[in-house]
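In what follows, a structure is listed as structure tokens, so that the remarks can point back to it.
Chain nomenclature is as follows: A, B, C and D, assigned in order of appearance, with residue numbering initiated at 1 for each chain independently.
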Amino acid sequence: MVDGGAGGRFARTRWEPVAISLGAIGLTGLVGAVLLLAGGFDPLAAAAAMVRGSVGSWDVFVSITLVRSVPLILTGLAVALAFRAGVWNIGAEGQLYAGAVAAAGVGLAGGGLPAVLLVPAVLCAALAAGAAWAVLPMLMRVRLGVGEVITTILMNFVGIHMAAYMVHGPLQESRGVFPQTDAIAEAARLPPLLPGTRLHVGFAVAALLALGMTVFLHRSRAGFRIRAVGASPEAAHVSGRIDARRVLVGCFLVSGAVAGLAGGVEVAGVTHALYEDLSPGWGYTAIAVALLAGLEPLGVLVTGLLFGALQAGAGAMQRDAGIPAAWVGVVEALVILAVLGLDRLRRTGGRVLPGIRIGGGGGA
Amino acid sequence: MTRPLARLGGIERRFGAVLALDGADLEIRAGEVHGVLGANGAGKSTLLNVLGGMLAPDAGVVEIEGRAVRLGSPRDAWALGIALVHQHFTLVPRLSALENLALGAGHRRGLAGDLEKLMARTGLRVPLDARVEQLGVGDRQRIEILKALLRDPRVLVLDEPTAVLTPDEVDGLFGLLKELAADGRAVVLVAHKLDEVLGVADRITVLRNGRTVLTGPSAGRSVPELVRAMVGGDAVDPIALGLTGVDAGATGAMSRPPAERGETTTSARALHAGGVVVRLRGAALADRSGPGVHGVDLEIRRGEIVGVAGVEGNGQRALALLASGRAVPDSGSAELPSGIGFIPQDRSTEGLIAEFDLVENVGLALQREPEYVRGPWMRWDAVRDAAERIRERFEVAAPSVTTLAGALSGGNQQRVIVGRELTLARDFLVAENPTRGLDVAAAAFVHAELRRMATEGVGVLLVSTDLDEVLGLSNRVYAIARGRLHDVPEERRTREGVGAFMLGGTADG
Amino acid sequence: GGGDAPEAEPTLRVALLTSGPVSDAGWYAGAYEGLMRIEQQFGAQVSHQQTATPAEFDEAFIAYATSGYDLIFAHGNEYQDAAIRAGERFPELTIVVSGGGRVSGNVAPLIFRLEEGSYLAGMAAAAMTESGIVGMVGGVEIPPARGTFVAFEAGARSVDPDIEVLEVFTGDWNDVAAAKEATVAQLSRGADVVIHNLDAASFAVFQAVREARAAGRTTWAVGMNSDQNDVAPDVIIGSAVIRIADAFVETVRMWQAGEVGGAAIYASTRQDVIDFVFNPELLDRVPPEIVQRVSEARDMIRAGTLDVPRIEFVEGEAGVR
Amino acid sequence: MTEAELSLFLEASVRLGIPLALAALGETISERSGVINIGLEGSIIAGALGGALGALAFGSAGLGVLTGAAAGMLVAAVFAAFAVGLGADQIITGTAVTLGGLGMTGAVYQARFGATGTELSLPTLQALPLPFLERIPLVGSALFAQAPTAYVAYVLAPMLWYWLFRTPAGLELRAVGEAPDAAKAAGVRVRRVRFLATLVGGVLAGVAGAHLALAHAGTFAENMSAGKGFIAIAVVVLGRWNPLLVLGAALFFGAASALQFFLQALGFDLPYQLFLALPYLLTLAALGGWVGRARAPAALAIPWESE
């Protein structure tokens, strides 16, 4: 057992998420097969395509699955950190868009700069923008006691429309024709992690962040205080003399920043320009990613990869097995439900998945 | 009465690793008050929860009037005339007292009317329209009891109902229980104050480690005998037993000499020379739930135990928060030392984090101590050692230090907190109802520890609703009423005397 | 799925990318029909993927290219950048980007001159309006959509120079509630003929017009993208149609003749890909001379003697003419 | 705006508010029992498709609403089986159910009408003006010349309010949402209550979806629910978990949404994306302004296990 206090409500070995995920895939296979047959599709072909398209070859795994998992891992980490502190930040989606807009802005403006300066600048801009997008809900929580679940959801919609406005207005491509920005400067783009693949250093950033966050949460005093406040603000204050409000504010902003980073990394690492509909709802999927990982950062790395593989395989299901996109949503849902089901059945006493505590509402 | 009204036989119940009940028996006859005794964690609540339909036993039989029954839910129990008053409150904080009483009472006309009658008859009065979250523990306990009585039960089961009631209320309640028994019902009562139990119970049952070790008439039984049955050893702490009028210093052979330092019987008075360690001047603090405190002038010297007696909800909370440095005074000043320990009254929500293990719960307080951190990092190894020490010295009944705090019985939870806070209390210790819900041995142990701290020159502020505790331990005594402290002069330090001071200022019962 | 045709000569492999469901009975559905026709007529092996995000664009191109597809229809301007990237990486591959704006050796925009259809629609609308106000409800404001509205306006003015034209964008091709309210708002501003440039949400436009009709007003709608005349035969006077499937089939022919790449492909009334078709059930309500003028105008456009205003957005071509 | 325009604006507000109101009223019930159903979106889209198919099959929009309600309930039952029955995390379950709901409806729609869909035109719910009431100046036509489903919402709000706050059953439901263990100790069947409350939420979400398809659009389109499930959840908070206020909040949000189209139609030349963000900004303002410390049910979203 690495860390003395790692136990508590989230005590679980690092590999449990993997085990659960594997079992879940099997279970999903069954239900999914039945449904697909009913829909008149060939489950075996679908499964084969799924595997081929996610882990079929080293190149596919690296260039598609890993690339897909980056925003999921980053937003998942953002959500995990917030939830650990009892901050129910459902706003990763909006914060992601804010980060993407900022990254695109800096990436376009900073044309002259060398990569060593511009890349960090782009990522910092994304972090700052993500945090900024969390400020309003944070203030409403600590000053007015308005629960952040709803305010962050609302900020998501605002963020999406804000990004849309940007690509139609201030940041629109120089020809002023299409709803997108110009390509950001070469020097602003994330270098490839493995040359010859699409995998960019953003993945390394995400992995290191997950590692660092695990150590931080379980080994550092600040991390322990965060967990304490998340588990019981009263006890944290009375027995730990911890200033719950400071922890809450800090985690809210950092969570927003990390979600913003996800957007920045996506723009600087993959799309190299800002478009409408940049995210298919990563910010929401992230909640499932984080909770399935038991809010353990390293677990998020695993579940993020699982979802990345899932989505990569989904694309292949359409291309190679002719399964319509609608069905893909069904399959993804099945996987999540199967993971949940297994998790509950495997569990003997003591929740493994923490219940997100919206109850009690605002009062910081 | 030959045939028992209710009988539980060979009940077993396991919680994960813990075997809470290991073939316990309980036999309840009509017309009796039946006392159930046992150390913390003995299985009393578990057994009564089985009788109340809250818990399904893993094995064993439940018979009502000789008929084997299955109690799948509280509803089943009520149907058979069994009503349970839980040890831990089972009220909905944001609903009014009336709504809580109506809950589960089903469609019922004139509920308020019935309640008025009931309150009049039993003398248990509660403000029906107040939201429960705004009420003190006393009121909450009364609501719980009324809730049970509303069902007009044949078997009334009360799990530690007296802990938070004033002496008068306790007497009132016991009178009521006797009446109920008198008209052919049965009452099952759990309490840790053996003299209380012996006073009211016709028969008793003693549990130890989930087994019934003694059962029979209470007549002619002595406290030490019961203690021996409960804990095996013979811990006799007059204060904890509620034998009144004891002198703090002299008596009180402790359950066990504190580990490292040898036996110490030095009276705390010896150290009166000690310098002032805490100074509150005109301190005031508002408090949402309760009157708060105002104009508090209080000096505590090293080596003395200052007791504050009072009826629940007269500002004890605010006083404790001020003195422990958890809150800064709205007005006035508070000079506090650095090494403060605080034993809060609400162990489950304020003292411990249920889903953290013991190591983490110890770390919760120690993380402010330099020796348990290195730079930004926690020294978990050191914390773990501290937790181990506490577990051994304070005899916490937990499989290991990685047990979740939530899985401990109330008594054992309290031991963890006391152990933890004593290590912090280098200069000053605030103890808020430190023995509430503790069994005799545990209470005796806590009292001994408080005394030891004093003798080592630590100033102690003991805030308690337990008069015997305050009188028995304190060098100086205050009564708190409506948020004001009243110094109780030497000659008035008796149950009656202090009681007068307490009630003198109090508004609510 | 891709049914393998007998391996006489290497089978043609064609893929389609859409960023919306092909079940919209409109813009995307037309493309999917095209793909199916290609499968039948050329015995091609075909495949379709609905992409959700820009991140998937590159993925899809790479996946199709590496599994040996020859021709990819990317049905929307949003694909253009990824198409150029893929085109550079896979020289063998040919990509046709519907409504795209960027050209390279093996990437060609497929531009539908829907303006020509909506110009004719504008003429019809001007003839039908009594209030002298016509409305336009759009989804996302992109050049092709703006273009159709510009042309619609011009067509209307060619009949009634001082006609008033209202314009609203809902920001979503498929949000029926938004489309409905936008239409109601315009009807309430006095518009009595409404044209749309929407996807599935277009049904809500017709619904709103129907309800206004039920409330006693004489109101009309104009179909767009596909022949929607029988969706609401009671209110749609006609539809400006794109025969996407025809255009795709024609494009494959051009590709086989090695004529695709390096320049934009224009599909217009000339190839009959674009047209305006009156709703036969309401033909009697339309002034005959307008039917006449519309068909004359169509011929002039075909002949190139009538110049329909449009928004150019392909690289190298000037802005609005 | 002229008075005519104002009343038209009010009509639009109500039209846009009604589906939200229906879904939010249902969600109010399930949240009061401690269950937050993020899967609401799935129930709404299922209700839309169910409504469309039913209306086609029976040739009656009225019956369509019933089938829509059934479809919404079906989706909610899946959610409840996991979130209530298995005690799985409600947020994850909801996410999955939304994904699955959107996917399954698309799949069924394509299976029924072919891959490229079809130009459905359905029997629609005609507006049903109420005599006299409709003539009330300004608000009359806005409130009382609506589709029948609107009146369902009007009637339901006060009924649910009374049921929640004035009946023993309502008391039990609130107790379950505040303190399930206490409720159980008081003999309330916690799981059953939560299960049924969730189903009720699904039924109303289904009706909301049917309203979208049959009263609003007169057709079905994939993803036509367009995020209304999330907005409905926000509306519940804005309405402080009180059915009457929730109805008001839904209409408020409807007005905020209607505003954008009128400002556009009135020719205000702001980028429309800003108009689109308007409702959410106004809601944020409202939350900050008056909702203040409205507290969610204490046990909201916390899985509950007996013993």
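Everything below uses one rule, namely that contacts are C-beta pairs under 8 Å (C-beta built on N, C-alpha and C of every residue); 3 or more make two chains touch, one makes a residue touch a chain.
The model shown is predicted, which means the values in this text are computed figures rather than measured ones.
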| item | value |
| --- | --- |
| Chains touching both chain B and chain D | A |
| Chain of greatest Cα-centre distance to chain D | B |
| Pair of chains joined by more contacts [C-beta pairs], A-B or C-D | C-D |
| Computed distance of Cα centres, chain C from chain B, in Å | 77 |
| Inter-chain centre distance, chain A versus chain C - centres from mean C-alpha coordinates, in Å | 36 |
| Centre-of-Cα separation between chain B and chain A, whole angstrom | 46 |
| Residues within chain B bordering two or more other chains | none |
| Of all residues in chain C, the ones touching two or more other chains | 21-23, 141, 171 |
| For chain D, residues that touch 2 or more chains besides their own | 106, 109-110, 115, 222, 273, 276, 295, 298 |
| Chain pairs in mutual contact under the definition given at the outset | A-B, A-C, A-D, B-D, C-D |
| Sites on chain C touched by chain D in the complex | 21-25, 29-30, 32-33, 141, 166, 168-172, 174-178, 180-182, 184-186, 188-189, 199-201, 203-204, 206-207, 210-211, 214, 228, 230-232 |
| Contacting residues of chain B [partner chain D, same complex] | 54-56, 73-75, 78, 84, 86, 89-95, 99-100, 102-108, 147 |
| Partner chain C, residues of chain D touching it in the complex | 4-5, 8, 11-12, 15-16, 19, 106, 109-110, 113-121, 124, 126-127, 212, 216-219, 221-224, 226, 228, 257-258, 261-262, 264-267, 272-273, 276 |
| Chain D - residues contacting chain B, complex | 168, 171-172, 174-175, 178-179, 181-189, 295, 298, 307 |
| For the chain D and chain A complex, residues of the former touching the latter | 34, 36, 78, 82, 86-93, 95-97, 99-107, 109-111, 115, 222, 227, 230, 233-234, 237-238, 271, 273-274, 276-277, 280-281, 283-284, 287-288, 291-303, 305 |
